[in-house]
Amino acid sequence: MSDVSTASILPGRSGAFGRLSDVFWRRPALLLAVMLIPPLLWLGIIYVGSLLALLLQSFFSIDDFSGLINYELTLSTYRQLLIPTNFDIILRTVVMAAAVTLASAVLAFPIAYYAARYATGRWKAFFYLGVMLPLWSSYLVKVYAWKLILAKEGILTWAFERLDLSWLLDGILSLPVIGGNSLSISYIGTFLVFVYVWLPFMILPVQAALERVPGNLIEASSDLGAHPGQTFRNVLLPLAMPGIVAGSIFTFSLTLGDYIIPQIVGSSRLFIGQAVYAQQGTAGNVPLAAAFSVVPIAIMGVYLWAAKRMGAFDAL
Amino acid sequence: QEPLKELGKGEGALSIVAWAGYIERGETDKNYDWVTKFEQETGCKVTVKTAATSDEMVALMNEGGFDLVTASGDASLRLVAGKRVQPINTDLIPSWKTLDERLQNAPWHTVGGTHYGTPYVWGPNVLMYNTEAFKDQPPKSWNVVFEEMTLPDGKSNKGRVQAYDGPIYIADAALYLMAHKPELGIKDPYELNEDQYKAALDLLRGQRQLVGRYWHDAMIQIDDFKNEGVVASGSWPFQVNLMKAEGAKIDSTFPEEGTTGWADTTMLHVDSEHPNCAYMWMEHSLSAKVQGDVAAWFGAVPSVPAACKGNELLTDEGCATNGFDNFEKISFWRTPVSKCESQGECVPYHRWVSDYIGVIGGR
Amino acid sequence: MTAAVSFSQVSRHFGPVKAVDAVDLKIAPGEFFAMLGPSGSGKTTCLRLIAGFEQPTSGHIEIFGETAEGVPPYRRQVNTVFQDYALFPHLSILDNVAYGLMVKGVGKAERLRLAEQALELVKLPGYGARKPGQLSGGQRQRVALARALVNKPKVLLLDEPLGALDLKLREQMQEELKSLQRSLGITFVFVTHDQGEALSMADRVAVFNNGGIVQAGTPQEIYNRPRTRFVADFVGSSNVIAPADMQRLGGEARWASLRPEAIRLVSEGGIAAAVISESFLGSATRLHLRVGEIALNVMVPAGQATPKPGEEAKISWLASDLHYMDGEA
Amino acid sequence: MRSDRSSAGWPLKIAAAGGLLFLHLPILLIFVYAFTTEEKSFQWPPPGFTTQWFAVAWNRPDVWEALTLSVRVASIATLVALVLGTLAAAAVARSAFFGREAISLLVILPIALPGIVTGIALRSAFSLAEIPYSMWTIILGHGTFCIVVVYNNAVARFRRTSGSLIEASMDLGADGFQTFRYVVLPNIATALLAGGMLAFALSFDEVIVTTFTGGQQATLPIWMLEELIRPRQRPVTNVVAMLVVIVTFLPILAAYYLTRDTDRISGSGK
Amino acid sequence: MTAAVSFSQVSRHFGPVKAVDAVDLKIAPGEFFAMLGPSGSGKTTCLRLIAGFEQPTSGHIEIFGETAEGVPPYRRQVNTVFQDYALFPHLSILDNVAYGLMVKGVGKAERLRLAEQALELVKLPGYGARKPGQLSGGQRQRVALARALVNKPKVLLLDEPLGALDLKLREQMQEELKSLQRSLGITFVFVTHDQGEALSMADRVAVFNNGGIVQAGTPQEIYNRPRTRFVADFVGSSNVIAPADMQRLGGEARWASLRPEAIRLVSEGGIAAAVISESFLGSATRLHLRVGEIALNVMVPAGQATPKPGEEAKISWLASDLHYMDGEA
């Protein structure tokens, strides 16, 4: 400690770092700016800039014959977006996204609840990995696995036959609208795969939300005379809601935009993602594709705004 | 733009947009390989981007970055009009002279006497069917995919047939109506006035009730025939050959109404970065050996008649089997335009696109 | 009279941990009963056994004469004020208080009226529309109280309800709780690890250690006649004197306790002690003395002159203030 | 903590177990098919079992090419995400400045909007700016949506790391850089590692954004898509998928153990 | 002699909040100085101004005669023991203690030796290899102390260092801190909101309210001669008597404070008072009395008989114990 002087205040630091440190200490706003500029450049310029470019494209139109873009501002692409054929696509996708979100929430809850409230130590790890593993296993391969399961000659048919339950499967398939010739070419199939693939995205935030619910609130409810059902409805569900909303941001958004699942398991009726993909990729109608993708942007914009108000971001 | 004047050295690379099965390097079956040798001889490394529909091909070419495309008739003229492809100098392609005369000046690659590519192969969209479902009564008409009926195996065709997931399929419906509703006065399935067009759409709406899933990709169609219980569909000989080779109970036929079909042209992108390799490929693609091999693999008809003889893979019957003599009966894919030849005003292609999506969507 | 709560040989073991072990306990109706003890001594577990959150591993519990085992918490006429209040964060204060009535199916108008009344009782009228997050610690504590009281429980359990409050607020709440209990006549079972709180508030105190009750009795009994060394040590800041030291001071060779305030400074006679240090406590000054090896604390009331550190003091005490006890730590 | 240690009811147990089973059976199926002797179609039940496909997969150069590209893309995207995500998190955690909400929204947006929107937006920007497609355009896309996972992890850790640690460090004589080096970095390191691993996995499995931002080069998922639609040897795809699952399992496990003890290790020490 | 810390008219405003407002303050070298005050009164902000975590909005600060404004914390020879200790969780105890030496560039062997010494000073030898998570609250508190002391600061700042400890531990640490300060001779500035702690430990106490110092002086001054009603109220549990009531009791019409222990129960004469309630405090019993409308607390030493609630008591006090003061609340 030989260099520790008797002065009560040490001299300023020498060297670039020392001086810079003093400068940052005196001007915290400068430090803040230095930290913020790189992410803002990337997200604000590259990403938001791209979104704006996309928005701009939606105001162009396309030459029907050559497929080349006509760079004049027009609303005609939006008019095209609202013709019944395209509107059907939007409606179909939104209904599917809502159904998938609801089902994911219902399926996720018990898993999340068990993991959050009852699992400890080893079991906690088991549950965590049990959710993370499917989440991170190859999305494509999972979807294909489902095609094998759902195909007319697939595993489910085989299983139903083995169990002498073919009548049940046929009954389900003969349902109007959601049924079809086989599970893999029906809305039921599409729905199942969506739910399967996005379910982990729901479980994790719900579990996080439930973990934040103090255990004694449940005891307090019970102490005040609520039986378990009442406790669930009045305490658990409302408190898990931010988690559910956070999860639904994923399930809803991912369903809105996916084009691979409905193409592999579905009835050839298009979803928004497919429409965007087809318009931009196969039809080369970038303006219409852009207009189509404004739909999920708008929906998610409203959704995020509502979620923010519910405090769901903290649960993300 | 002026076509290339003379051939230079290869640039070492070549990228091609092609239909599935058009460019093979022996990966699926090592007997079918017409790339490896080309690469060795020219030093042009070939990369292939497969496209499933003509629309996709046009989009890819619009986007750029490719040298060649094997465009069908419903894409080729759009590419020319959009100035995405360049005229070619036939003098730089010695094999040009060996081409089938029926194709040398075909309207889908010749505009105002200028050639925009070399013909590749052509063929019909055949009716593929499952021989167990049809027992010993192979279908004769496209009605098995358009009208609800009981098939020879005693079960309805509902949910067991497929249609092509591309707007050009409206022409198949028009072709069927040409034979069955002559009062509509359809002369050409690619030139439809409002009434004729409406009738075709109605037919397709009826078909929607029979079709579970439309086919979009050749491989997925094969899958659907194998795993989804599909028994009849318009198809390409390619799928038929592949499935037969695997021993599936599949055959195909050339129905009485005639068929639509494709005649494809290898076209050169305006901004091609490897024009010399591209010219070498065009020449290579017209060699009798390649023509025969492609024809055999895809189930197509070669554009070079000489390929019909002496090709091990195609065999000497191959050309006839694949429809060499049906040229006149095939309505080749073409892009529908509003100013049409057979009548004053026709429904243009962009309406085909959105209306067909509507039909599949159930509208 | 049947006891409000009665434990006979109740144990609650968690694997090897004997959280509560063979406890016998009777709490009289209307009594303010405090459970005092160091951390981990089993107080909370006892309370949870009464509330029904835990089931005894063995033994028998009765609440007003009725067997409690197997009865879920929501069927017991017992309510709890949790240490951290456990207010429902998503409900307004009024809805929090009305919760118990709501789940019992009391009509909306009626239950809100009763809840408002309960809020008045705890001196929070008009706070009903707020959310728990908008209240201070003391206010939340009162809401928790109102939420329990509105159900008219036969026994009210309070688990260190004042633990999170600061000193002033704490003293104020102590008085309020005590007067509320008196006016309502409900049996209060109060858990704390603060001996001052237990002594000043309770009618009877049970001192816990290691899952068992070491001594139960009135505050005066506990304070003045600790049964064991542990109790003397834990309750108040007594001078606990070892048998050998006791002998040296001229007493019996047994453990003894001597309250600091029982030691007097005398000018003549008495025992000579060295003053080690002093602390000014406001109402008194605490002196640390040493008699040979024996350390003693002495509390000198304010106003009286105190010898300074380094000086010598003479001390004495009344024999009656010396309390012999069990050596159990 | 201990209040809910009573055991769960049977209906809950069954629902939870059923849910987990639902999540895992299809993955098991992939594993089974990696061993089937049937090459062309997916016959159920598989006619026989073999391990030959592992050798076949090992010898396929296209698998290696795709894998290499995926690893490069994911590594660089992760690096980008680590730097940008940490900076943004530090800024947001540090001070309440105007627009702080906007930053968190901005970071969340790329994951909250469907991948196809991110993809097509970047693609149209590339074409407007005439940027040719390359590995770097893919990285641009992946980096964008990977930032959020690093950001989330880092923000959570910053929130749990007592601000007084930084003050304590300065109080003890460390300047800003020393404080970052000796206090901030060690405290957020595991969170960054966990976030980085998740970012890597997210990039490694991304199909949709890659489809739009990539040119001709195929990442592993793009290879798989091609392979699943136009299979050459179907079980090879499953072998690759299975290996990827097994290999990603390790970082997930690591990420879990790294962040699990957070409450204990990164608290203020109270 | 230059003051260790001197504030002249120092203010620190956060927008509209005047956290510290025009404070004048001198702390002598080697003094144990306590800052006492309710929550939000500006104690912590004052401390942070000394440490350099905050800059004054106006006014001038000197540390041992040197101007402190604009000097970052890492250049001040001042160290802080944080309320939550702020031990670095990723470093071992030894590395925590050696941290200040490390960043100053002291060689490894040397700094570990000094750190080990510091750990001995706080009675934690041999704990160096552990992580902070493996220590109890009291032990962590000592590590925080050692970590600060090893730097040989000229001023040591302590922000409620005992706030998180439980009663027993807290009393023990109070003594240890005090004796440590005495032996090292370092200036200690100690923040607390516990008046007992401030009174018993400090050489001088500054009582804060609303960002300003209301009174500064020795513990005895503060306790016995509070300058204002606020000080009397806040320090100890005095009976604060309003002017009107004072008049009624026969005194001057001014605010006055009267310590509960200064009131005596007498058998004859004195003022008649009704006993409202009593609390047993162990070493004493607190009676709540009422003289007409005037509520008074009286502390009766243990052992003395106390009248029961409902009975009447007679009380008196010495005129010298009655202290008149400023009415400022």
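Points to keep in mind about this one:
Read from first to last, the chains carry the letters A, B, C, D and E; within each, the first residue is number 1.
Just so it is clear, a contact is a pair of C-beta atoms (placed from the backbone, for glycine too) under 8 Å apart; a residue touches a chain by one contact, two chains touch by 3 or more.
The structure displayed is predicted, hence computed values, not measured ones.
Touching subunit A and subunit B at once are the following chains: D.
Chain pairs D-E and B-D differ in how many C-beta pairs they share in contact, with the greater number at D-E. Rounded to a whole number, the gap between the C-alpha centres of subunit B and subunit C is 90 angstrom. Distance between subunit C and subunit E, defined via averaged C-alpha coordinates, is recorded as 26 Å.
Averaged Cα coordinates give subunit B a centre that lies 91 Å from the centre of subunit E.
Spacing of subunit A relative to subunit E, judged by their CA centroids, is 53 angstrom. Contact of a single residue of subunit A with at least two other chains is seen at positions 10, 13, 21-22, 25, 154, 216, 219, 280. Multi-chain contact residues of subunit C, defined as those touching 2 or more other chains: 53.
Chain contacts: subunit D has residues 3, 42, 173, 175 touching two or more partner chains. Taken together, the subunit D residues at the contact with subunit A in this complex read 1-5, 7-9, 12-13, 15-16, 19-20, 22-24, 26-27, 29-30, 33, 42, 44-45, 80, 83-85, 87-88, 90-91, 94-95, 97, 101, 103-118, 120-125, 128, 140, 143-144, 147, 152, 173, 175-177, 201, 205, 207-208, 211-212, 221, 224-225, 228, 237-238, 241, 244-245, 248-249, 252-253, 256, 260.
Partner subunit A is touched in their complex by these residues of subunit B: 51-53, 55-56, 58-59, 62-63, 78, 81-83, 158-160, 165, 211-214, 216, 226-229, 335, 337, 348-350, 353-355, 357-358, 360-363.
Interface residues of subunit E facing subunit A in the complex, by the touch rule stated above, are 63-66, 68, 70-72, 75-78, 101, 104-106, 110, 114, 151-152, 154-155. Within the complex formed with subunit C, the subunit A residues making contact are 214, 216-217, 219-227, 230, 234-235, 238-239.
Taken in their complex, subunit C has these residues touching subunit E: 39, 166-167, 171, 178-179, 193-196, 199-201, 219-220, 223, 235-237, 259-262, 277, 279-284, 286, 299, 301-303, 321.
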